[in-house]
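Take a look at the structures below.
In the two assemblies presented below, subunit A is common to both, partnered first by subunit B and then by subunit C.
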Partner chain A sequence: MRISRYLLYIVILIFLLTLPIYTGVYLLNVIDIILIYIALALSWDMLLRSGQISFGIAGLFGVGGYAAVLFHLKLGISPLISILMGGLAAAVLAWLVGMAVLQLRGMYFAIVTLALAEIFRVIIRNLPDLTGGPEGTVLSSAIFAGSSTRTYWLVLAGAIVSIIASEFFRRTRIHFAITSIRNDEIVARSSGIDVFKYLVFIFVITSAIQGMTGGAYAHIYGFVSPEGSFSVDFTLLPIAMALLGGMHLTWGPVLGAVLLGAVSELLKLYIPYGHLLVYGVIIVITILFFPQGILGTLGQRLKKTDTG
Partner chain B sequence: MSLLSKLKQKSYQIAIISVVLAIILGFWKPHVLIEGIQRACLYAVIALPMALILGIVGIINLAHGDFMMLGAYFAYFLNVYTGMDPLLAIFPALFAFFLIGIVSYKAIIKYVLGAPELNQLLLTFGLAMIMEQLANLFWTSRPIKLSLNYVSSSATIGSFTFGTYEFVYIGAAIIVLAGLLLFLKRTSTGQAALAVGQNPRGAKLVGIHVDRTYLLIFSLSIALVGAIGAIFMTRHSIFPLVGAPFTMKSFCLIAMAGIGNLLGILWCSLILGLAENFVLSFRGYAGWADILFFALIVLVIMIRSRQRQVK
Partner chain C sequence: MVVLKTENLSRYFGGLMALNRVSMEFRKDEILGIIGPNGAGKTTFINVVAGIYLPTEGKIFFNGRQISDLPAHKRCRLGIGRTFQLVRPLQGLSLLENVMVGALFGNGLRQREARKKAEEWCEFLELSDITRDITRMTALEVKKMEIAHALAAEPKLLFLDEVMAGLNSDETKEMIDLVRKIHSRGIVIGIVEHVMRVIRELTDRVVVLDWGEIIAQGPYEEVSNDPKVIAAYLGEEA
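And then the complex of A and B:
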C-alpha cells in the first residue's frame, strides 16, 4: 500500500513538472497565479489552526516583495537567492512584531495585523530614496528572462513547500499543541504547552512563506509598488479560498485556491470591473451556510454516514 | 473625598493643559486648529454609529464605512435625478438606510450573532467587499463630486482665511452625540438597549425583546451612517473605496475610547484629528499622516491588553 501511494505521488509530481509541455503560455500563467494563491491560502490557514486570524497577509507579502527586489537591485544578489532573502526579511519582521502582537487574541490580533500591513505600506511609500516611493520600483528584467516554464517551476516549488510544511504541521506533535491552543488555551497552558513559543514559531514560518511568495511575485512581474504589492487582494483572496475549501486542512485551501483562481480568471474576461464581487458573495454564503467549507462539510457528511 | 478631589484636580490639569496647547496651536498654526477640529468631528460622527453597534449588538461591522459610501452615492444620484440638495437628502437617506439596515440584519447579521468572532469578522469583511465591488461595477471607480456653491464659503479673521462650511461636521457630531446620549439615557427603549448591551441574557430574563433591540440598534446605526454619507459627499469626492479607511479609523477611535464610551470618542477624535492635521501641515512629511491612526491603533490595543493582564 505504502509503495503504491508513493508511486502515486511520484506520478503526480512528474505530471505537474511536465505540465508546461501540455499547456499554452496563457494557461500556464493562470496556473502560476493559482499556485501563488495556494501558498498564501495555506500559510494563512496554518496560522488559523492555532486560532489566530491574520488580516496582514498583504503586509508580509509586500515586505517580502520589496525586500527581494531591493536585495537584488542594491546588493546585486541573484534573483533566486533574493527571493529567499525576501522570505527571511518577512520572517525576521514577523518575529520582531510577533513578540509583541502575539499576546493578543481574537479580533484584536486580526485588527492589529491589518493595521500593521497598512503601516508597512505607508513606511515603504514614504521612503522614496530606497523604495521608489509611490511609483514603486521596476526591475530591468523579470526572473529567468521571463521564461514561463521556469517561472512555473519556481511557483510550483513554492506551493509544494507550503503543502509539505502544512502536512508536517498536521502530522507531528505540533498539530496537537496548535489544536489544543485553538480549542482551549488555558487547558493547553496547564498541560505544559508553551503557547507563546508555538505561536511565534508558526507566525514566523507562515510569514516566511508569505514573504517568499511576495518575493517570487515581485520577480515574476519585475515590479513592486505600494498599492500593487500591498493590495488588499492578497489578504482577501487567500482568506476566501481557505474558507471555501475548508479551514484547518491541507487540501481545503488548495481546493479553494484552484476553484476560486479558475473562476476569477474566467470572470475577469466577462466582468473587467468588480469581478471581486464574487469573492465577497462566496465569503458571505460560506459563512452563513457551510462555515466548515467544502472539504469540512464533506468530511462531516462522511463521518455521519460511517457511524449512522 | 481627598482622592476624589485629587482626581478632579488631575482632570482639571489635563483640561487646562489641553486648552493651553490648543491656544498655542491656534496662534502658531491656526489652520491646523480649525481644520483639525472639523476633521475630528467628521471622524467622530462616523465612529459613533459603529460604536453603538459594537457596544450593544456586539459585532464589529467592517462594512461600516461602505454603508457611508453607499449613502454618499444615494445622495449623489438623488441630486442628479431629482435635483435635491444633498443636505436635504439626509432625510430620505435616513429612511432608506434604516430599511437597508433592517434587511441586512434580517438576512445576514442575525445568523452570526452567536458565531465565533472570526466568522463575524469575515462575514462583515465579505459584506464590505460586496458593497465596494457592486459600487465599482455600477458606477466605476472614477471619483465623482457635486459642485455646490455654499460648500466653498469661507470666513476671514485678520490675515487668516478658513472654510466655514466644514463646521457642518461639528454640528452633525454634536447632534448625533447628544441625540444618542439622550436616547440611551432618557428613553425606555434606549435604556433597554443599554441593558441588552451589558447582558443580553439578563435583559431577556427581565422581559426585554433582545432580538428586536438588536434589529433597532443595527438599523438605527446604519441609517445614521447612511445619512452621514450624504453630508460627506457635499465636500469630498466619492468613489467605491472612499469608505474603507473610515472603517479602520472608526474602529481605532472606539478601541481608544473604550467600548461603550460615546463621549470619549469625541475627545479621542479631537486628539487624532489635530495630530493628523499637525503632521499634514509640514511640507514633505504629509505622507506620514496616514500612519498616525494605524500606529495609534496598534499602540492602544497593546496598552489595553497589557493593562488587562496586569489586573
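And then the complex of A and C:
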C-alpha cells in the first residue's frame, strides 16, 4: 500500500517536472500563476487554522518582492538567494508585527494586517532613491534570462514547499495546538499550550512563504511597483481560492487555486477586469451554499453516507 | 502536606469583587468540595488558580512555590488541571485526539507516546470507540472526555467544575465512582458542585463561598447545618 503510494507520488512529480515538454509557453505561464496562487492560498489557510484571519497577504508579498529586488540590485546578491532574502524580510516583519498585535488577536490582528499593504505601499512610494518611488524598479533581466521552463520549475518548487509545509502543520503537534487555539483559547491555555508562541511562529512561517512568493514573482517579471506588488488581488484571490476549495485542508486551497486561477485566465480573455466581478459572485455563492468549500462539503457528504 | 495554598486571594472585575481575600488549602490525598450559591466565585476561584485570570491581590503557592504570576499553560505543566463548567470539546479533533492534547502539551509527550497515554486514560474512564468524531457523543461521554483530557496532562491537583450537571441519577452514580477512582491514583481533587448528594458522598472537607468570601469550612455535616450557609442558600430572614 505504502510503496504504491510513493510510486504514485513519484509518477506525479515526474509528470509535473516534465510538463514544459508537453505544453506551450502560454499555458505554462498560466500554470506559473496558478502555482504562485497555490502558495499564497495555502499559507493563508495555514494561519486560518489557528483562527487568525490575515488580510496582509499582499503586504508581505510586496515586501518580499521589494526586498528580493533590492537585495539583488543594491547588494548584488544572486536572484535565487535574494528570493530567500525576500522571505526572510517578510518573516522579520511578521515577527515584529506579531509580537506587537498577536496578544490581541482576532479582529485586531485582522485590521492590523489589512493596514500592512497600505503602509508599505506608502513608505515605498516615498523612498524614490531606494525603491524607485511611484514608478517602481525594473530589473535589467528576468530570472533565468526569462527561460519559461526554469521559471516554471522555480514556482513549482515554491508550491511543493508550501504543500509540504501545510502537511507538516497537519501531521505534527502543531496541528493539535492550532486546532485547540482555534476552538477555544482558554481550553488551549489550560492544556499547557503557549498560545502566543504558537501564533507568532505560524504567522512568521506563513509570512515567509508569502514573502518568498513575492520575491519569485518580482524576479519572474523583473519588475516591482507600489501598485502592482501590493495589489489587493494578492490578498483577495488567495482568500477566495481557499474558501472555494475548502478551508483547513491542504488540498482545498490547492483545488481552489487551480479552479479560480484557470477561470480567471479565461475571463481575462473574454471580459477584461470583469473577472473580479465573477470572483465576487463565486465567493458569495460559496459562503451561502457550501461554506465548507468544495472539499469540505464532499468530506461531510462522505461522512454522512458512512454513518447513515 | 499542603499541595495548593492561596493567601488572601482577591479578584475584582471593575467594581465587582468576585473573590475577596480567599485563603484556602488543598491537602494531599484530599477531596475538597467548593460550594456556594450562583455567583459566589467558585469558578472564578478555579480560573484564578489555573491562571486564566491573574489575581488582583493575594498569592498562590503550589507545592511551596509561588505561582501567582505564571501563565496558565505553565501552571498546567506544573500539575494544575481543570475541567470546564460548560463543556468545551475541540471540534475537528476525534475523541482520542481531544485527550491527546492534554498529553502533548501538558505533559510534553511526543505524538506516539501521547496517543498511548490518551488511550490509557480513555480506558481508565471507560470510554470506547475512541477514534470517533466528537459530534457523536453523549453528554456523559463528553464530560468523561474532558476529564480524560485534563488527566492526560498528569495533574497533581484536578479541579472538577460541575461535572455532574445535566447527568441523570445513574450517570451521577457512575461519575461519583470515577471521581473516587481518579482520587485513588493520588490526585488531589477540588470539586465544585451544586448536587449536594455528590458533595456529601465524596468530600473530606467543604469550603463555602458567598459573594466571593469564605463563609464556612469544615466537614460536610458541620457546614450544612451552619446557619450562615443556610442563610446564603435560602436567603436571610428579614
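The rule we apply is simple: the second predicted complex is superposed on the first by the 308 of 308 C-alpha atoms of A that agree within 3 Å, B and C clash if a C-alpha of one lies under 4 Å from a C-alpha of the other, contacts with A are read in each partner's own complex, and residues count from 1 in each chain.
Here is the rule we use: contacts are C-beta pairs under 8 Å (C-beta built on N, C-alpha and C of every residue); 3 or more make two chains touch, one makes a residue touch a chain.
None of the values given here were measured: they were computed from a predicted structure.
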Superposition-derived comparison: subunit B or subunit C, residues of subunit A touched: B
Contacts of A:G280 with subunit B and subunit C, given as first, second, both or neither: first
Which superposed partner A:R150 touches (first subunit B, second subunit C, both, neither): neither
Touched partner set for A:K268, first subunit B, second subunit C, both or neither: neither
Contacts of A:R301 with subunit B and subunit C, given as first, second, both or neither: neither
Partner chain(s) touched by A:R125 [first = subunit B, second = subunit C, both, neither]: first
First, second, both or neither for A:L114, with subunit B first and subunit C second: first
Subunit B and subunit C footprints on subunit A, overlapping residues: none
Residues of subunit C touching subunit A in the complex: 50-52, 71-74, 76-77, 81-82, 84, 88, 90-93, 97, 100-102, 104-108, 110-111, 133, 136, 149-150, 153
Subunit C contact footprint on subunit A (complex, rising order): 172-173, 176-177, 179-180, 182-184, 186-195, 248, 303, 307
Subunit A to subunit B touching residues, read off their complex: 48, 53, 100-101, 103-104, 106-108, 110-112, 114-116, 118-119, 122-123, 125-126, 236, 239-240, 243, 271, 273-277, 279-284, 287-288, 291
Interfacial residue positions of subunit B with respect to subunit A in the complex: 60, 108, 111-112, 115, 117-119, 121-123, 125-134, 136-137, 140-141, 248, 251-252, 255, 287-288, 290-291, 294-295, 297-298, 301-302, 305-306, 309
